[in-house]
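Same chain, two partners: chain A is paired with chain B first, then with chain C.
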Partner chain A sequence: MENLIIEATKSSPSISLNAETRILTISGESYPENAAKFYASVVDWLHNFLLQSIPEQVTMNITLHYFNSSSSKVLMDIFEILDNAHAKGTPVTVNWRYHEENDTAIECGEEFKEEIERINFHMVEFSDEEI
Partner chain B sequence: MYDMKDAYTFYQNMKADGIIFSFTGPTSQSVAESIGELLRRKMELEETKMSVSLKVFSIFVEQMQNVLNYSAETDPPKVNGTNELHYGMVTVGKKDGHFYIISGNYISKQDTERFQSILDRLIAMGKDELKSFYLEQRRKEPEKSSKGAGLGLIETARKASHLDYSIVEADNDRDFITINAVI
Partner chain C sequence: MSLSDLFKKEYKIIRESKELLEREVFSDEKSAKHYKNLLGHNQKLFSQLRHLVKISDIQQNDLNHLNQQLIRLSQLDSLTGVPNRRRFEEELNREWRRHQRLGMPLSLIMIDIDHFKQYNDCYGHTAGDECLRKVAQTLSVAVNRAADFVARFGREEFICVLPQTEYQGALTVGKRLIDMIRLLNIPHKASGVADHVSISIGIATSAAPTSDHTIQEVLGAADRCLYDAKASGRNCLESVLL
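This part shows the complex of A and B:
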């Protein structure tokens, strides 16, 4: 299966979905004009990947400095897909990476964590020195 | 014709109100990105706390995208296309130590009641209620008439310490809505 790589723009994150390493990375800013449209290829890729793939560990690393409300909606949809996969036997870990001073990212991460029942959702702090 | 002396008065009045920038006209995603970037730089230079500057940026983006998605003033006039320009205004300022974001645009009269009822509800809610409402709406499928998830206004209400709005009658088909969010 082909990997999905999308370069970052001012208002959309860089995306790397790797079928071999089973590591999915989303990082940057996310406030595209149409979030559902922007993330459609990510959602499609995930569906196909989970359909074809073996039930081994999948890791998603998310580092979003800022995301708008419609991106938040799509992220929730993505977590739901992963949560269902987890329930069906593919272990999923999400690392929600946030800057130590980014209260909004902390709060948003915690809200996702509360909402998602089954997958391992880790809050991972970083500081300026680690960028 | 436009009197040039008025321009200076206009500028001074805006400065007196603490306005950082005020945009009126056709909006676009790239306008939102460019102004947003300037706004961030300005706040960085002033050493605004990250938590505050992210709130300001967040409300700015939601309000700008609201105008972009819902303004009933379009060019060419709306024929259910997707390429029209949507007009409106967005102002960001700082007064008495607080940032504020004001947005204004025409809405179709059919939508007035919906805006009124949702905004009244949001203004009456406390932070915990806003949070539950946000999470509940995020789980729902978006409403048919909504291009975004309809979460933008809830997000604005959550980030603001004060929210108010006004709706004035414009013409037979449209009203003008103004939303004021103070951080």
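This part shows the complex of A and C:
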């Protein structure tokens, strides 16, 4: 299966979905004009990837400095897809990465964590030195 | 308002739907399953909505906070920390309209640091910046009534708005400003006026803002007085009552 790589723009994050390493990365800012359209290929890729249903660890690393409400909804849909895969035997871990001084990212991460039912959702702090 | 209050109706609908399912009102198993499935989707959607609202609130609070910070910073002079000229103009227009309504006197004091260019040439720009900071802070302290207002007007120019202040009152404040800058005792060997940093002042008082002059004319009058003070040897004040 081909990997999906999307370069970051001013209003959309960089996306790297790697079928071999099973590491999925979303990083940057997310306020695309049409969030559903921007993330459609990500959602499609995820569906196809998870159809293979190999019971091996999948890790999603998310580092979003800013995201709009439409992006939040898409993220929740993505988490639901992962949650269902987890329930069917593919262990999934989501790492919500936030800068130590970004209180907003912490609070938003906590909300996502609450919404998720089964997958492992980790809050991962980083500082300036680790960028 | 808590989220449970905000979504009172939705909670009720979900509760009633569950009760309906438990009461087994459906005629066949297929309908019941279909209904249960729909209810599950609704519950999920509702849960997402609640969290989306909270996330949105968190972000909006954050943006609002940043916006206020930005407004505050955009109104301050970054070097001296006193209000900048933009803020001064807003404040002056507001005060002028208020004084027109009240029919009260309003005074303006324009302040210029004497031979500041020479100060910079003699002591360097870092010392010049420090001098501006000290003068700005001293002026802010000297003009100390709650409604009084000091702003940076130009490179080495400051301006005070003295609401509800008559001509004599403005003169007293002007003299105090000159004294306080003198007491700062910042050495200025290139001055030629004094051996310390000094200021020149132009004062204009509008006795009755309801009369036919504009705020621009009061500002212009204060500027001309400042020019006169500089022409008559600096480290002094000139004033006019309009």
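One rule holds in what follows: the second predicted complex is superposed on the first by the 130 of 131 C-alpha atoms of A that agree within 3 Å, B and C clash if a C-alpha of one lies under 4 Å from a C-alpha of the other, contacts with A are read in each partner's own complex, and residues count from 1 in each chain.
We take it that a contact is a pair of C-beta atoms (placed from the backbone, for glycine too) under 8 Å apart; a residue touches a chain by one contact, two chains touch by 3 or more.
Since the structure is predicted, the reported quantities are computational estimates derived from the model, not experimental observations.
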| item | value |
| --- | --- |
| Simultaneous placement of chain C and chain B on chain A, clash or fit | clash |
| Touching partner for A:Lys73 - first (chain B), second (chain C), both, neither | both |
| Chain B versus chain C as contact partner of A:Glu7, first or second or both or neither | neither |
| Which of chain B and chain C A:Cys108 touches, first, second, both or neither | second |
| Partner contacting more residues of chain A (chain B vs chain C) | B |
| First, second, both or neither for A:Glu33, with chain B first and chain C second | first |
| Which of chain B and chain C A:His99 touches, first, second, both or neither | first |
| Contacts of A:Asp44 with chain B and chain C, given as first, second, both or neither | neither |
| Identified clashing stretch of chain B versus chain C [20-28, 92-100 or 164-172] | 92-100 |
| On chain A, the residue positions that both chain B and chain C contact, one per complex | 66, 69, 72-73, 76, 103-104, 111, 114-115 |
| Interface residues, chain A side, partner chain B - complex | 10-11, 31-36, 66, 68-70, 72-73, 76, 99, 101-104, 111, 114-115 |
| Footprint of chain A on chain C - complex, ascending | 44, 47-48, 51-52, 54-56, 58-59, 62 |
| Chain A contact footprint on chain B (complex, rising order) | 29, 32-33, 37, 49-51, 54-55, 57-58, 61-62, 65, 68, 131, 135, 138-139, 142, 147-149, 151-152, 154-155 |
| Complex contact set, residues of chain A against chain C | 66, 69, 72-73, 76, 80, 103-104, 107-108, 111-112, 114-115 |
